[in-house]
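Everything on this sheet refers to the single structure shown next.
Each chain gets a letter, A, B and C, in the order it is written, and its residues are counted from 1.
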Amino acid sequence: MARAVSNPRKALNTAIAWGIGLLIFFPILWTILTSFKTEAEAIANPPVFLAFDWTLENYSVVQERSNYMRFLWNSVFIAGGSTLLGVIIAVPAAWSMAFVPSKRTKDILLWMLSTKMLPAVGVLYPIYLLCIQLGVLDNRYALVVILMLINLPIIVWMLYTYFKEIPGEILEAARMDGAGLKEEILYVLTPMAVPGIASTLLLNFILAWNEAFWTLNLTAVDAAPLTAFIASYSSPEGLFFAKLSAASTMAIAPILILGWFSQKQLVRGLTFGAVK
Amino acid sequence: MATQHSRSAARFMMAPAVFLLLVWMLVPLSMTLWFSFRRFLPLRGGDQGFVWFENYSRFISSSAFWPSVQTTLIIVGGILLISVVFGILLALLLDQPMWGQGVVRILVIAPFFVMPTVSALVWKNMFMDPTNGLFAHLWRAFGADPVVWLSDAPLFSIILIVSWQWLPFATLILLTAIQSLDSEQLEAAEMDGAGHLSRFGYIILPHMSRAITIVILIQTIFLLSIFAEIFVTTGGAFGSRTLTYLIYQRVLESQNVGLGSAGGVYAIILANIVALFLMRIVGKNLDA
Amino acid sequence: MSSKTLIRTTSALALCLTASAALAQDTTITIATVNNGDMIRMQGYTDQFTEATGIAVEWVTLEENVLRQRVTTDITTNGGQFDIMTIGMYETPIWGANGWLVPLDGLSEDYNVDDILPAMRGGLSHEGTLYAAPFYGESSMVMYRTDLMEAAGLEMPDAPTWEFIREAAAAMTDRENDVNGICLRGKPGWGEGGAFITAMSNSFGARWFDMDWNAQFDTQPWLDTLTFFEGMMSESGPAGYATNGFNENLSLFQQGLCGMWIDATVAASFVTNPEDSEVADSVGFALAPDNGLGVRSNWLWAWALAIPAGTQQADAALQFIEWATSADYIELVAENEGWANVPPGARTSLYENPDYISVPFAQMTLDSILSADPNNSTVEPSPYVGIQFAAIPEFAGIASEVSQEFSAFYAGQQTVEEALANAQAITSEAMEAAGY
């Protein structure tokens, strides 16, 4: 609903919005800046903003201590795998909810969401014992499945709301032309839902990437993602703000960059059916 | 339009998701129920048989129980309030014409990408540390005594940290909702002499009500189980112990799995009460 | 490139690959460890171990609280995720008694197990069997700024009393310049503020339990301990000490903001290291204070390496433990980083080494360790082993909640009476639940 406004008004808007935007972004910016400082500069009072000796030392220390690439790859694998798997399972479910609704559709949807309400800490022992029985501790595939299950309700819900916005007439027309169920989903529905699917993928990738309970407690070496990486940098001995910042920057950089590049997709799709 | 054929096809297509979630719900739930009736102390002899409701009565009669429920509600409520109110304001602001809108939007949504552990660590150490934190430097620059955030204002600190993470999410959804508003309707209202406030109250806000519902619903689900932020910052001290954290203390610190499982069952009950309550107030908006 | 060379190169490459794969598959052990300085240093030397033995090492390095959560879950469920776990003096006897750890009785002759300091060996054993080998050991002691002490016109005795410490703290405090007379742990957590106040309470005649396992927080010595601690800290401690733990105090002290700091002896090497510490050349050491009741307020702790019973690689794990906790490893670190940086407090021979004993804090560390007796930690008799903890499975859970009550008192959220009443209730409740 962009309207034509006077330039002074626009300038004022710009100033306020940028001010607030920078304020909200500041903790991240400060972390990134601190990661290039020495430990002494990191706690200096008054704080130095830009005029310090930029150093990469913290990064090399972190790199030396941890196999960053392995953590990163595990994060990508687990978050990506669980999201993809989730979408594959959720698309048919969301399709049938949206186009063949029954009286119970809303109940099923809410029930799905309610499966997220069991606090993870309460079931740590049961799940841990189960994983031992199945021999899948420290296993990437197990985490893919678990995170998929955690996020599946959200995925189903998001897809359902997108599918619902697609007019049924188009489907009927396709059916008239002799399209089967498979064709209907593959050639008619999916292309129309691509923006929605894209933002579903993105949102759930982010949620899976940031999940920090199961990914930490069910892994050791082979499957440990970046959430485990960061757990070795909190509160060690001595000054550690700069090293913590470097590790933090390394942990969030990939997802931040992905998020920035794809924010248009994310924004377009993040409606949860709220827009009519 | 639903034929018999498509109905059975629909059921078939829903089956995998429903089945998986059913398993994912039932297996941990039944294991939690099972353990909650048993005396299970991993460090002291393991599983020692049924005690039935002893864990339940012990958990609820503990002096920590009701305060933890209260803390949970305060934290969830506080974060919801902040993210909805500021989310609306931010969405209104971002909707205004300006230069560099895309960049501002990126800046605003960035915190959503940050891992909870990382954001808790960064806030706790680099901002709230009473000696070396940025806030302490700032306070001293104005000649004030630095605030010891985590002990003097523990709930506020946690709410601040978590709100920072979730505000972008709320803003995004609300912004999408505003942008879908028919501008002609607004212009018409403007012609009729409706002021900013009445335009907001009578047109924009009702239009956003559905989006607000969604924000509240989704965030509540995630916020009821926040853990990392409390674990990293206060460790549940200074009255910041939520129900989730209390369960953590019972299961892992006290190594009493039976008692913790009973707590888990209470947490599910609480979550369902909250959900029911939410449905009552806002459910009308959600004609999903 | 001819096809022959191509084939040759490929097969050579393949051979290399299989060879290295075979080597890697040979044996790999996974070690869970805490992220403190000595452990991280050890990780840097692991290559030498791998070279010598062909055993590859994977590290899982975690912050202390996460580590405890992780290894406890794994050991109690027999998850078998780790071949070596880094644990402390609290866990070792309990886990050993449960049969969860491999007894370390297969240590070689060269390793010389009798060289381990008796206090450490005792604390890491159950019924005479050693279950974990100390990587480093610590007690606690007073670290103080010699320059500030002099400026205050005082002299630190080798074995100060709490009264003296309080006076000196007040005299050294300079609020204008942000200098706090004393920095102590107030942070919630049984291993943080909980450890400090428990060790301190011993010297005030307090104890956790009487001989019938009744909680003792309703007794006068506990009231005295907390009142004294809070009084001294509000006079001379840093603002917000209720959230300060080891690491916060370390960085305060290194920045020259503390006159005295009573904490782990291992901190001595950090505060005297000129690279990190602004006050490196003016730090003195003294025994932890007492109250004339015959018990000092120092604790005893060791970070030790243990082999969980569920491992498939017990032999390789034992080899690693022998390497990492040997006298040779100490030499290796001394050669590369200097004597001040070797892992302290584990071996008698270290303190007989003339190179080491000349390090400023070495003698005081040894004296502190020797003066700590986990079997006799309280003035009145107590039924438990341990100084800053009671080695029973319930303690960690109880003490982390109790220390939260204490920290809430330090932060001014409740009175000392309320804190102690809550502590008493929590402890009694938990002990009853455990079936005492």
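Rule of thumb we're sticking to: contacts are C-beta pairs under 8 Å (C-beta built on N, C-alpha and C of every residue); 3 or more make two chains touch, one makes a residue touch a chain.
Keep in mind that this is a model prediction, so the values were computed, not measured.
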Chain separated most widely from subunit B, comparing mean CA positions: C
A-B against B-C, pair bridged by the larger set of C-beta contacts: A-B
Where subunit B and subunit C are represented by their mean Cα positions, the distance between them in whole Å: 36
Mean-CA-position distance for subunit B and subunit A (Å): 16
Contacts with two or more other chains, residues of subunit B listed in rising order: 42, 132, 252
Subunit A: positions in contact with at least two other chains: 43, 124-125, 129, 231, 233-234, 240
Shared interface positions of subunit C, touching two or more other chains: 69, 73, 77, 251, 255
Residues of subunit C that touch subunit A when the two form their complex: 30, 32, 35-37, 40, 43-44, 58, 60-64, 66, 69-70, 73, 77-82, 245-247, 250-251, 254-255, 270, 276
Complex interface listing, subunit A residues touching subunit B: 1-5, 10-11, 13-14, 16-18, 20-22, 24-25, 27-28, 30-31, 34, 43, 45-47, 89-90, 92-93, 95-97, 99-102, 105-106, 108-110, 112-127, 129-130, 149, 152-154, 156-157, 160-161, 168, 172, 181, 206, 209-210, 212-213, 226-227, 230-231, 233-234, 240-241, 244-245, 248, 251-252, 255-256, 259-260, 263, 266-268, 270-276
Subunit C-facing residues of subunit B, complex: 41-44, 46, 58, 62-64, 129-132, 145-146, 148, 150-152, 231, 234-239, 241, 249-250, 252-256, 259
Subunit A - residues contacting subunit C, complex: 39, 43, 64-66, 124-125, 128-129, 131-132, 137-138, 216-217, 220-221, 224, 228, 231-240
Contact footprint of subunit A on subunit B as seen in their complex: 1-2, 6-7, 9-11, 13-14, 16-18, 20-21, 24-25, 27-29, 31-32, 35, 40, 42, 90, 93-101, 103-119, 121-123, 125-127, 132, 134, 137, 140-141, 164, 167-169, 172-173, 175-183, 186-187, 210-211, 213-214, 217-218, 221-222, 224-225, 227-228, 232, 243-244, 247-248, 251-252, 257, 260-261, 263-264, 267-268, 271-272, 275, 279, 288
